[in-house]
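Here chain A shows up in two complexes: once beside chain B, once beside chain C.
And now, the complex of A and B:
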């Protein structure tokens, strides 16, 4: 039993050594993850989120970026726990007011 | 109380578990040396399915020779790799 994410030792070719920018939405994903996992809320543990993206299947896993995986896994787990549904989330995003200064 | 102690030779089990596990495939079945007992922690395999009420398990730093892990690692025979292994993935190794 070897998960598709368990790639230690697999051939990868040359590693691109370029510094990637940490995008604003990625910081927000990490901030939300920290809040959901902190010791007072304990809504989603790091291990639960990992189980989430390790259950995507290899196709979806390889298509998504690091933070996109985390975001999608958190939504899956929140849905699984009955906290929200994807439909509710989509509606909330649709209705959200654009923050000042954002384009 | 730790089951294993620094200096002991252990073999990493291959438990064939589905779900979230922390033991990478490349160390399973290999023999290494316990470097340090790190303490006891909730089992990440339980936490991954939302169970925070399970038993705690011991965790150890274990050192492997790179040449034991990889067939094509011959240039630096003294190189080692240290990784953390939970107690239920370990058995004593003899010889």
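And now, the complex of A and C:
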């Protein structure tokens, strides 16, 4: 069966000819993945990243932007490997949002 | 090397209509702000856990921002003036790039030569594999679902939409990249290269020529 990412060959509509800028957070996602995948760490390989977003299910794959897919896949794999949990990350994000008001 | 005969009927879903938004999903301001926050926090956690050093991601960002058209253009210009280098480039892109001090991070760089008989086009249907260590970040349209799906099915129509009409007599060869194998097109040189400086020749090369969606007007 073809996976939802395996889209080569369908006639699918116009190609958007936009040239979007590469955003800072997108570069950071790429940088973090590169570092986690380097030969000294070997925590997340490119193939694992692909397996990550190819296991999202079609809905999530369809609605997330390119780098958001990579970010979410990276978090999934880090959770799988016991490096962190989604709950831990969510709590830290929540704290960071509240902090400015508390000080 | 992935080569598909575009006249061959293949058992694929013929039409998957993507809306413009689906073809290239773009975050809105709130989405970007959220993603930026998560990324920063994630980096902090990874630093705390000792997987990343502080500031390491910033150094890596500088590294991934450095490659770009200038590197690809230098490879092409050298190949245009030096036939021996061209042969080495076509034989092993990674080794040849190393001669000019360029480090190809990917496992393989396969350089494909445009000739009067063959026009090459690069795509990655499964993902968005691209010779990043030579050309940097791919253009937005390259990662769009519509380019990924159509380039292997109707390359001449796609090229026409990019303003490029390839004569029927010229064969169009489409190369589907993957995580380990990245392609780069070697465009045809200008009519006259003798006596021209490599640096001037490099200035003629565009990013799209190296993907195959443009050619040098000769």
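FYI, the second predicted complex is superposed on the first by the 93 of 103 C-alpha atoms of A that agree within 3 Å, B and C clash if a C-alpha of one lies under 4 Å from a C-alpha of the other, contacts with A are read in each partner's own complex, and residues count from 1 in each chain.
Keep this in mind: a contact is a pair of C-beta atoms (placed from the backbone, for glycine too) under 8 Å apart; a residue touches a chain by one contact, two chains touch by 3 or more.
Quick caveat: nothing in here was measured; it's all calculated off a predicted structure.
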| item | value |
| --- | --- |
| Partner chain(s) touched by A:6 [first = chain B, second = chain C, both, neither] | both |
| First (chain B), second (chain C), both or neither touched by A:81 | first |
| Chain B versus chain C as contact partner of A:62, first or second or both or neither | second |
| Chain B versus chain C as contact partner of A:17, first or second or both or neither | second |
| Dominant toucher of chain A (residue count), chain B or chain C | C |
| Touching partner for A:51 - first (chain B), second (chain C), both, neither | first |
| Partner chain in contact with A:73 - chain B first, chain C second, else both or neither | neither |
| Common interface residues of chain A - those touching chain B in one complex and chain C in the other | 2, 6, 8-9, 46-47, 50 |
| Chain C to chain A touching residues, read off their complex | 10, 12-20, 22-27, 31-32, 35-46, 49, 51-52, 56-58, 60-61, 63-65, 123, 125-128, 137, 139-141, 143-154, 158, 161, 176, 179 |
| Complex contacts: residues of chain B adjacent to chain A | 16-21, 24-26, 44-45, 47-50, 52, 69-70 |
| Partner chain B, residues of chain A touching it in the complex | 1-3, 6, 8-9, 42, 45-48, 50-51, 54, 81 |
| Touch list for chain A against partner chain C, complex | 2, 5-20, 22-25, 27-32, 34-36, 41, 43, 46-47, 50, 62-68, 71, 74-75, 83-84, 88-89, 92-93, 96-97 |
